[in-house]
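Heads up, the next two complexes both have chain A, just with different partners, chain B and then chain C.
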Partner chain A sequence: MSSIAIRNLTKSYGSVQVLHGIDLDIADEEFVVLVGPSGCGKSTLLRMIAGLEDITAGDLHIDGTRMNDVSPQKRDLAMVFQSYALYPHMTVAENMAFSLSLRGKQKSAIEREVGDAARILHLEDYLDRLPKSLSGGQRQRVAMGRAIVRHPKAFLFDEPLSNLDAKLRTHMRAEIKQLHQSLGATSVYVTHDQIEAMTLADRIVVMNAGRVEQVGTPLELFDRPRTRFVAGFIGAPAMNFFEGKVELNEQGKPHTHIGPSPVALPEGMESQAGAIVTVGLRPQHIPVSAASTDGNARVELVEQTGCETNLLLKLAGIDFTVQTRDRLEVNAGDAVNLEFDSRNMHVFDSNSGQRLN
Partner chain B sequence: MEMTQTTPAQASRPQSGARIGRNLTNLVFILPSVLLSLTIIGYPIFEVMRMAVSDVNRFGKIRGFEGLGNFLKVFQDPIFIQSSYQTLIWTVAVVGGTVLIAIPVAIILNEDFHGRSIARTIVLLPWAVSLAMTALVWRFVVNGDFGTLNLALTQLGLPFNNHPWLATAASAFTIEILVGILVSIPFTVTIFLGGLTSIPVTLYEAAAMDGATRWQSLTRITLPMLRPFLQIAIVLNVIYVFNSFPIIWIMTNGGPANGTDILITYVYKQAFAFGKLDVAAAASVLMFLVLLGFSVLYLFMTRQRGAAGQ
Partner chain C sequence: MTRKAKRSALCWLGLSPLLIVVLFPYATMLSTALKRKDEIFQFETTWLPDSLYFGNFIELFANRGFGRALLNSLYISFGATLVSLAVALPAAYALSRLRVPGKGTFRTYLLVTQLISPIVLIVGLFRLFAYLGMINDLNALVFAHSAFYMAFAVWMLQSYFDTIPKDLEEAAWMDGASRLKSFRRVFLPLCLPGIAVTSLFTFVNSWNEYAMSLTILREGSLQTAPVKIAFLTGTLYETEWNIIMAATLVATVPVAIVFASIQSYLIRGLSLGGVK
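Moving on to the complex of A and B:
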């Protein structure tokens, strides 16, 4: 197992630059998830680590060795593809044995490795089948098995679960996590699904438009997103945002307005009076209570998920989503009261998107 | 138990009714072409079979029933035996040579390189020229007295001044086989290119990650996955090449001394040079049976592929 170091990595296709100076250190045995919207460059970055894409500029080191000009065959990394990329003319056992047989390993050793992997992944009964006669989940397992048998320096996952249905995805997510815990293999995992990122990662790398927005543990990203983009990307339902001008009251405490009503802002912000800021509040952090007629917000839509209730509301013309565990007796059109607690607020500079508190 | 047995039957009844209706509609649509085929293809086949068991004069008039007599005459004709043997060589050599050349050509044309579309056009170009024209041009090229081949070889200092390439059966047949390969390549390359594009790029990426060199990718991914296309290319080419008439007829007329005759030129000569329409018909029926075998094989293979694709 091994560490991966990425220094000022750049990728251009002709004159179009898609990755702008990426810096990232992945420690031995760490599970790092690259997450971001489509086109943010996360898959390109993974493929550059794999050696399937050329590196335009910058350095890639694996275990301290510069890998820029090393072919994918010699990097000793295993990759699980979104399409699984199983060899359709080979059985499950042959698929898993392929890399070992290329290396000229002994037949008995190959059989042992494939048998071990099949046992871990519950594929023993399918070893003689062709990929086309397997279900999506089984194919996914074979793709994992093909990676496991090699004991590579690191595992690379390119959206491996996105072709599965929701239930199977949750199940395989847990299996991948358990597999990582038992094998302790350095893993780089690409996904656009922030739930997958949160649940799997030791550390998450949030990418946007070819840049790294923030690197941190799942809870760091959730609790203290460094940019407005990360705040909006991590967490479900997505964070609520409203814009306002910073004003100071007589005691010098900052506040702003939503419509006519003043809202206190967190103290100790790096901003001047008069600055335009974007305030973010998670749906879980806005207490809501049913109101008779004097409520400040109006319910537009009620979504019951069983455990939680999501309310889509309008307050002074601004959309808010609020999530509560209370069983509120409210319907669309009813008035409710929302409270804003400055301790839960994430304040960002409206121009740069950088965190201010 | 009874319930579970009757339920699916009841459920499938309206569905199978709809299927019959759909099949009927399909039948109506293909009926015109079926009728056309029966007239244009079916009638001659029937007529040839009738002539094969009859005594026919040189003007095509049936004089009486001959039974298997015509077939006996065919099998007793040493030239028929020789032509059969030469047909085997012709078919195996042309099809084999075509496939062996077409695979690397298709693989190269499938690579992404500068000028690929021009190269593809050049390879596919012979397809656009009629077989008769191609054969005629090559007859001129290898002509002993004024052919460009001898001119080129002589200018290279080689002793081929006035070398009569088509005067001996061995060299004439070799040249005809080479021309046969040349004209079969475009079609075959097209089949293989279709096969190659159907292989997903991620398979090669996965193989690269698994440590496969380019050569190992070729032998362990590309070629095995081309196999169904290879089978189809072989069978279709056998069907086309087996009774390909123009190249041999135009270049050598089956000569010298029947040395380049294949079954199709043998049949042609029997019918239109010697006026033995009945013997020609009997030989035609034999050829028809061979090709029928290959056609059934082709149908079987494409069916199997379709079933596997599901």
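Moving on to the complex of A and C:
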């Protein structure tokens, strides 16, 4: 297994630049997830690591060796495609053995490797089948098997679970995680699903419009998003945002207003007095209680998920989503009370989107 | 009768006039080829011959040199199919997969070449092959036919190649296969249905081609089957329908064999299940 170092990597198609100077270090045995909205360049970055896309400028090192001009055949990386890309005319066993036979391995060694991979992935009973007779989950496993038989330097995953239904996706997610724990393979995983990113990653790279917004562990990203984009992207339901002007009260404490009501801001915001800021609050961090008639917010929609209840509310014309584990007896149109705790607030510059607190 | 069976019966009913159009010439060929000469011109004609008479075929092969004509045709058609595929396969692959400058213009150019009837080029072609010393050379026809049907083959193969997901080749590259190896071991097997259809079209076109063969192959022993058949009609004092029909029947056999041998590829959807 190996480390991957990316230095100031850019990618242009003609005059259109899609990646703007990416810097990233992926340590040996690390599981790194590239996440971002469609078109942010995450798949392009992965394909550049794989060698399937040319590098316009910058450097790519694998295990300390510059790989910019090395063909995908010689990079010794394995890739799991979104479409699985199984060879339709080969059986499961032949699909998995293909890379080994290309390397001129002996038949007995190939059989052993394929057998081992099949055992790990519970594919022993399907080795003689063609891909077309397999279910989506089984095809997914074959694609993984094809990658693991090779013991490559690193695994690259390009949205491998996006073709599966929700239940199977959760199951396969756990299998990938377990596989990574047992193989300890350096992995780069692309997804647009932030839940996948949070659950799988040692570190997450959040990308937006061809740039890296933030790199960090899942909890770092959740607890201290560096930009408004990351704050809005990570976490479900998405973070609530409202804009306000920073004012100081008589004691010199910073606050802003939601409608007529003052809301205290975190300490340290005094320096921003007079500035327009965007305040973010996670739906889980807004305590809600049923109110008689004088509540400050009105319920628009109630979503029961069983364990949690999501309330879509309106407060002074602003939409809020609140998640609670309390079994509140509220319906659409009811009034509720929301509390805002400045310790849970994420404050961003309204112009640059950068974190201020 | 179920609804599906009803619909199927209706379709057959609608198609049956076409079936007559297709089968009638075969019935005529078979019926006439198996009759004696004097039986054909009887006042009351019947579909079934009095007795099965194979003398026409024997005459055809023994005295009229039709076997030679068939061999010439087979040589030219197989040759033209192979040469045209040998060029069209890489060309279509490049058009489908590589970044080739002027790709669109080239495709249009290929299409435009199909608008020109070969007849108008025949004088020029004759002069070209005369200059190359290839008049009365079967290979001249191999090259001429392959050149004429190549554009179509490129066009058709490219359309088929475009349907093969690029992921499959990329997966092969990641597995360590060179471009050539991934072409041979992954791409080519998946393209067999497309290649089969293209070969079939090229083969049939070449097999049926008349004007060029007539012009370039001047010697009787080099004539192709269609030219030979045309010459059979032009005997001095009579038209020997029994011989002509026997010849036309025999001439359809190779095409039927080629069709039958590759038809399994035509209906096999190989790429199914490889990618979701």
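Just so it is clear, the second predicted complex is superposed on the first by the 354 of 357 C-alpha atoms of A that agree within 3 Å, B and C clash if a C-alpha of one lies under 4 Å from a C-alpha of the other, contacts with A are read in each partner's own complex, and residues count from 1 in each chain.
Assume a contact is a pair of C-beta atoms (placed from the backbone, for glycine too) under 8 Å apart; a residue touches a chain by one contact, two chains touch by 3 or more.
The structure displayed is predicted, hence computed values, not measured ones.
When both complexes are superposed on chain A, chain B and chain C occupy overlapping space and clash. Of the two partner chains placed by superposition, A:V16 touches none, neither chain B nor chain C. Using the contact criterion defined above for the overlaid structures, shared-chain residue A:M79 touches chain B and also reaches chain C. Within the superposed three-chain model, A:A166 lies out of touch with both chain B and chain C [touch as defined at top]. By the touch criterion stated above, A:C307 is placed in contact with neither chain B nor chain C.
In the superposition on chain A, A:F98 makes contact with both chain B and chain C.
Greater residue coverage of chain A by touch, when chain B is weighed against chain C, goes to C. 50-52, 71-73, 77-79, 81, 83, 85-89, 98-99, 102-103, 132, 146, 150 are the residues of chain A that lie in the contact sets of both chain B and chain C, per the superposition on chain A. Of all residues in chain A, those touching chain C in their complex are 50-52, 71-73, 76-79, 81-89, 98-99, 102-103, 130-134, 136, 139, 146, 150, 163. Chain contact summary for the complex, chain B toward chain A: residues 200, 202-203, 205-213, 216, 220-221, 224-225, 227, 308. Across the complex, chain B is touched by residues 50-52, 71-74, 77-79, 81, 83, 85-89, 98-99, 102-103, 132, 146, 150 of chain A. Against chain A, in their complex, chain C makes its touches with residues 165, 167-168, 170-178, 181, 185-186, 189-190, 270-276.
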